[in-house]
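Every chain is named by a letter (A, B, C and D) in the order it is written, and numbering of its residues begins at 1.
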Amino acid sequence: MKNDTKTYNIDVHHVTRIEGHGNIRINTRAGVVEEVKLCIVEANRFFESFTRGMLPQEIPWVVGRICGICCVGHQLAATKAVEDSQGITVSPQTVLLRKMFNESQFLQSHVLHVYFLAVPDFVGAPSVLPLASSHPEVVKRALRLKKLANDYTAVMGGRVIHPMSNTLKGWRKLPDLAQIEQIRDRLLAAVPDVLETIAIVKTLKIPQYERETEYVSLKHPDEYALYDGDVFSSDTQKAVPVRNYRWVTNEFTVPHSTTKWSRWHRDSYAVGALARVNNNFAQLRPEAQGVAETLGLKVPCYNPYMNNVAQVVEIVHCAYNSLAMMETVLNGGLQAEDISHTPVAGRGFGAVEVPRGILFHEYAFDETGRCSDANSIIPTSQNINNIEQDMKAFVPQMLPNMSKEELTLHMEMLLRAYDPCISCSVHMLDVEFTD
Amino acid sequence: MNVTASASDTTLDKNLYLPRMATILAVEEMTAREKFFRVELSQPLGHRPGQFVMLSRLGIGEAPISVSCGPRDDTILEMVVRNAGSLTQVFHGLQPGQKVGVRGPFGSGFDLADLYDKDIVFIAGGLGLAPLRSLIQPVLAQPDRFGTVTIISGCRTPAEELYRADLQSWSHKVKVIRLVDKTANLPWDGQVGLVTAPIAQLDLDPGRTVVALCGPPVMYKFVLMELDARRIPHSQIFVDLERRMKCGVGKCGHCQINHVYCCQEGPVYRFDHIEHLPEALQ
Amino acid sequence: MKPKVAFFDFAGCEGCQLAVLNCEDVLLDILGLVDIVEFREAISETAPRFDVAFIEGSIHREEDVERLRGIRARSTYLVALGACACIGNVQARSNFIAPAENFKRVYGEVDRNQAQTDPEFWPLWAHTRVRAVKEIVPVDFELRGCPMVPAEFVHLVKALVSGSIPHFPANAVCVECKANENECAFDRGETCMGQITYGGCGAICVTNGYRCDGCRGVLPHANLAAHRQLLREKGLSDALIQNRYRLFCSAEPLGQEIRR
Amino acid sequence: MSTFLIRKDAVPDWIQRLARENAVYFPQRAGQSGFRFEPVQEGSEIQFEQYHPTIVPPGKKLAPAGEVLFQYRREGEDAVVEPVVDASFRILAGVRPCDLKGIDLMDQANREGCADPHYLTRRANTAIIAYDCLTPCDKACFCDATGSLRCRKGADIFLTPVDEDVLVEPLSERGLALLAGANFPICGNVEARKAKAEGGRAKPFGRQFKAPLQQIPGIVAKQWHSPVWEKHVQQCFSCGSCNLVCPTCYCFNVQDDFDLTNTSAGQRSRTWDGCMLPNFAEVAGGHNFRSHPADRQRHRVKRKFEYLTKRFEEGSFCTGCGRCGRQCTAGIDIFDIVNDLVDNTEATS
């Protein structure tokens, strides 16, 4: 089947169904891959520059705007970083509420990604919209699950996108217990929908490609690390503290990307659902481990397309974990806490896992208590290098057996499988493939 | 200890916010901006000249629209609607057979008996002819009861003239002066100028002349100056004012002119009743 | 004929498009009334012409300006979707910093220079200034807020499919605070921008214990002088007032001279 | 009707008992210093004496911020229109005399001419338990100046605190019925106790106008081109808060809406509006009959002290509750405006 004369010139502008602006550029001549480039063409928004001058309380609220899809994660990472800089420690109640808040976003984002962005690829539909007529029950189920997850976020944070209830030291307005109770009941009632989701994902034909990869995620001694932990590498099986995140990310700039790229122990590393499941499998809730088995996800797994499966595993994990946390809150009630704070000078670091991977924030404040330095490294900018490495490895493998269209689709699917959130690329370029 | 709920207050015989449905019989394009509507009601409207209805399209909205036909025994209601915004734009897309909601009639209107044996001058600017037609029709229908009748109707260009056929047929019975601000290179068989211009030439007896005036806010000041020059007593001048209205019955507060409600005491006012109100003719 | 609707994104967080997808209860109903022909966040299709184009994000580079002009030419109505498109949003705060300084702070001097040496990718880096959509092309309707308010989006869709015109009253956020019987943020010792900011959000931030930071933009009749004086009386320094007015860049004119 | 006497600390228990069988609204804490009329639930705090006037007056429970007027369903072009009228029974408890006055004024406005079915149906199904004020709520109120302090009209039960007791006075059949099962002891020497309460009332009671109330409408009526209007809008945001929290502001906007799921069904509803909002008097085409904030301030004040007082033959359409001054972030207070008008008349005459 080898076709030595193949000359492809693929330039996918503005890859659809990912959040943010990415272009893929692939250039092959006579069957030889000359160039594979993922160009991030997102315009700069300069968050790390313009946050200077802001007050500590304003930072999490404003930097949530880095990404509408991961706004909860950005808020939480920034809140933790700012609290670190201000010498604030928070109550167990606040930590618990934040974990619920964070997991609500995992549910919401993973459902959106699996159903709206990935499933259409696997069933060969151009988008979720045609599915509304061809598979209405699937779309309705997707909307139901997504709404439940969204309502969960709204109950915790005040609204779904750019919520306002979370702040330094705690909650501006505590979530309403009656509403939490309703969410718990709906979550319990959603089990059939989740089972159906697992069934659907089981039928998807996942491309079989493997490339050994360094997986990086948070790791926590006591729990499946989503809100807290140290930064762990699958290569070294060791973790470094969050404040040393720059050892991990080693950012560098390439001309074809407005986002900076990262690498740690090798050319690139991966973060996200698959990285977390690979690194922390044993700490998943048993229900989630069972789902991983059902769906054929065995760790370590080096197939990036399996990221969607890992997302489903995490949906199950977060659902059961949230139910447990809701019980705790409902039994113990919530106490109003003092959230007043006078800004002081300092530097702080914060990291959380967001649906797309590990997210770092760092802030410094001057003697007047106003922001003097900011840095944020988002999961997609850590992944983007790895995606390009995957592409470079896969294109030569696929080239002999695929038409240009198939190849394009597989590259787009690969990109989408990572669930990239290029818009949140605080400092991210565009990705593009050309000959 | 429990007190049962009573169904409603005894003062309520009907719900004033409920529209009655009416069927559109005819829609005619009068100008680029105005359409004429003839609708069939479930029962006669029973209105007086100068009154208005609250006209609505369910799901879109409701607006005050003047009744444009004289009082009649049948169930017909005629109106002119200018495409001025969100609701009126939708009216312009309606077809015969479709239904609209009607509440009313509301407002004071003209009392024909006040005008018996008087010489009547109608002065209409633009859309102002629509409400005045509800008075012109009954006046012309009983010529013996009134003195001389003069109709002055002005608009910006010939293309914007309303009720051209009516004006022409009225001109066979009474004096009709048709004006445009400018001809805009269109054929025009009337005069060119403002509605104020002909007033000076009219043969008016201040003792028995009644003037009915309706037009855009800017017009009033100048016409009233002319009428003062002709010494028409303010008690013999009727003006038709427009305000924002949401209920039609003096509740929503939007149409207040100082202490009076345009939807109740108005929209037709005897000028001497409101001339002291600073908000009346701004 | 169902109106053809398209969504386009420029520089923003894509939260407004997500907010559209988050209208779960009515999404399928909306799909019954309009044809979505472009929506990069959810579908792969593209279309040559459409009746309504929703523009999300602010405009930063020449290539974005060109793309926006092209979209305007292909669409009957153009709607600015969210604070980025309507007023430039938080990122417009970078307009008050010199561009080179912005790049330096984000990429560092060396990296930035090196990246910009590649002529092929230069346009990606050709950031000029953060602009709202209406600074470049005429905008028919604005769905304000960060993120946009789903109820207003639904109102707009309904108006357009029924041949009517959507209405967004120019009233202050305070109106909705009162409708919600909120305790005024000032009575909590906070300072608030609600009095000078377009309502329509349901005062959602104040209702949830925060204050209004003005993400929906400043009202045309806003009494800015009085507001500035009020904030001073509440103890804010001029520097902090400026910081506040530039959080969402609503009370500072866009496109102002860049100051160092 | 006989008057009863109970101890102050028995009042909350009684309200709680009423709330078990009825929807009872009582002022409850909202935020740090605010209060809201909210349904009484198990464990709700019932504090008659120590609440600050609510953010929004209780009368607004009878004309809520948004309410559906009717719903419709279309089949083809034929439509079924069904009014939505709320005839559920509720009790407003802890209403102050000024707010009682406010409700009385709203009753009159809604009865006048074409009666408003939505308001009046709610009103007919609302019982009011009012509570006398022996000291002014705070520095903002001026209910004595406007003559509201002694309002009893409209209350079904009126409570007067006397030392550690409360006089419980049914003023209507409905009030009597509400007290039927309570088994409160009948009060002897009612008049003496009332006199005692009256003797304990603060004097002067809160802020007083610089002219007698009877002269105020005349004073306000004389001033059209007055520098006072301009002075009191220098800091105004045209935010409308003063209208929306006023017990006697009742202007509204009306809008239609249709369902997305079934586009041939929908509703017409109304929402609060206010004459201080900039587009209140704007007509299609863009002409605004009160385009300047001073025009709007003048209109608001004249409504309270001139237009509506004339229309309804009332002394004042401002109850002196002080809400507009309290809620105005610009610090504009209708009490000061009136006094400035008084001064201005004296200065110019």
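Everything below uses one rule, namely that a residue touches a chain if its C-beta (ideal position, glycine included) is under 8 Å from a C-beta of that chain, and two chains touch if they have at least 3 such contacts.
The structure presented is a predicted model; accordingly, all values stated were derived computationally and were not measured.
Colleague: Hey, which pair has more contacts between C-betas, B-D or B-C?
Modeller: Contact tally favours B-D.
Colleague: Report the inter-chain centroid distance for subunit A and subunit D in whole angstrom, where each centroid is the mean of the CA atoms.
Modeller: Each chain's C-alpha centroid was found; their separation is 52 Å.
Colleague: Between subunit A and subunit B, tell me the centre distance in angstrom, where each centre is the average of that chain's C-alpha atoms.
Modeller: That gives a centre separation of 64 Å.
Colleague: Measuring from the mean C-alpha position of subunit B to the mean C-alpha position of subunit D, what distance in angstrom results?
Modeller: Measuring from centre to centre gives 38 Å for this pair.
Colleague: How many Å are there between the centre of subunit B and the centre of subunit C, using C-alpha atoms for each centre?
Modeller: Chain centroid spacing, subunit B to subunit C, equals 44 Å.
Colleague: For subunit B, give me the residues that contact two or more of the other chains.
Modeller: If we look for residues of subunit B contacting two or more partner chains, we find 59-61, 85.
Colleague: Provide the list of subunit C residues touching at least two other chains, using ranges where the numbers run on.
Modeller: Within subunit C, the residues that touch at least two other chains are 162.
Colleague: Name the residues of subunit D that each touch 2 or more other chains.
Modeller: Touching at least two other chains: 257-258, 263.
Colleague: Dump the list of chain pairs that touch, please.
Modeller: Every pair of chains in contact is listed here: A-C, B-C, B-D, C-D.
Colleague: Would you pull the subunit B residues touching subunit C in the complex into a rising list?
Modeller: So the residues of subunit B touching subunit C come out as 59-61, 85-87, 89-90, 93.
Colleague: Where on subunit D does subunit B make contact in their complex?
Modeller: My answer: residues 17-18, 21-22, 69-70, 72, 74, 77-79, 81, 83, 85, 87-89, 109-118, 120-121, 123-125, 127, 174, 177-178, 180-182, 224, 250-258, 263, 266, 268, 270, 273, 275, 280-285, 287, 289-290, 299, 302-303, 306-308, 310-311.
Colleague: Could you please specify the touching residues of subunit B with respect to subunit D in the complex?
Modeller: 1-9, 11-12, 15-19, 21, 23, 56-63, 84-85, 88, 97-99, 101, 217, 242-244, 246-247, 249-254, 256-259, 264, 278-279, 282
Colleague: How about subunit A: which of its residues touch subunit C in the complex?
Modeller: 14, 16-21, 39, 41-50, 52-55, 58, 61-62, 65-69, 71, 112, 116-117, 126-129, 132, 139-140, 143-144, 146-147, 150, 158-165, 167, 171-173, 252-256, 258, 260, 370, 423-424, 426-427, 429-430
Colleague: Can you list the subunit C residues touching subunit A in their complex?
Modeller: Interface residues on the subunit C side: 9-19, 21-22, 24-25, 27-28, 31, 36, 39-45, 57, 60-61, 64, 89-91, 93-94, 96-97, 101-103, 105-108, 111-112, 114-118, 120-121, 124-125, 127, 130, 146-147, 204-205, 207-210, 213, 239-240, 243, 247.
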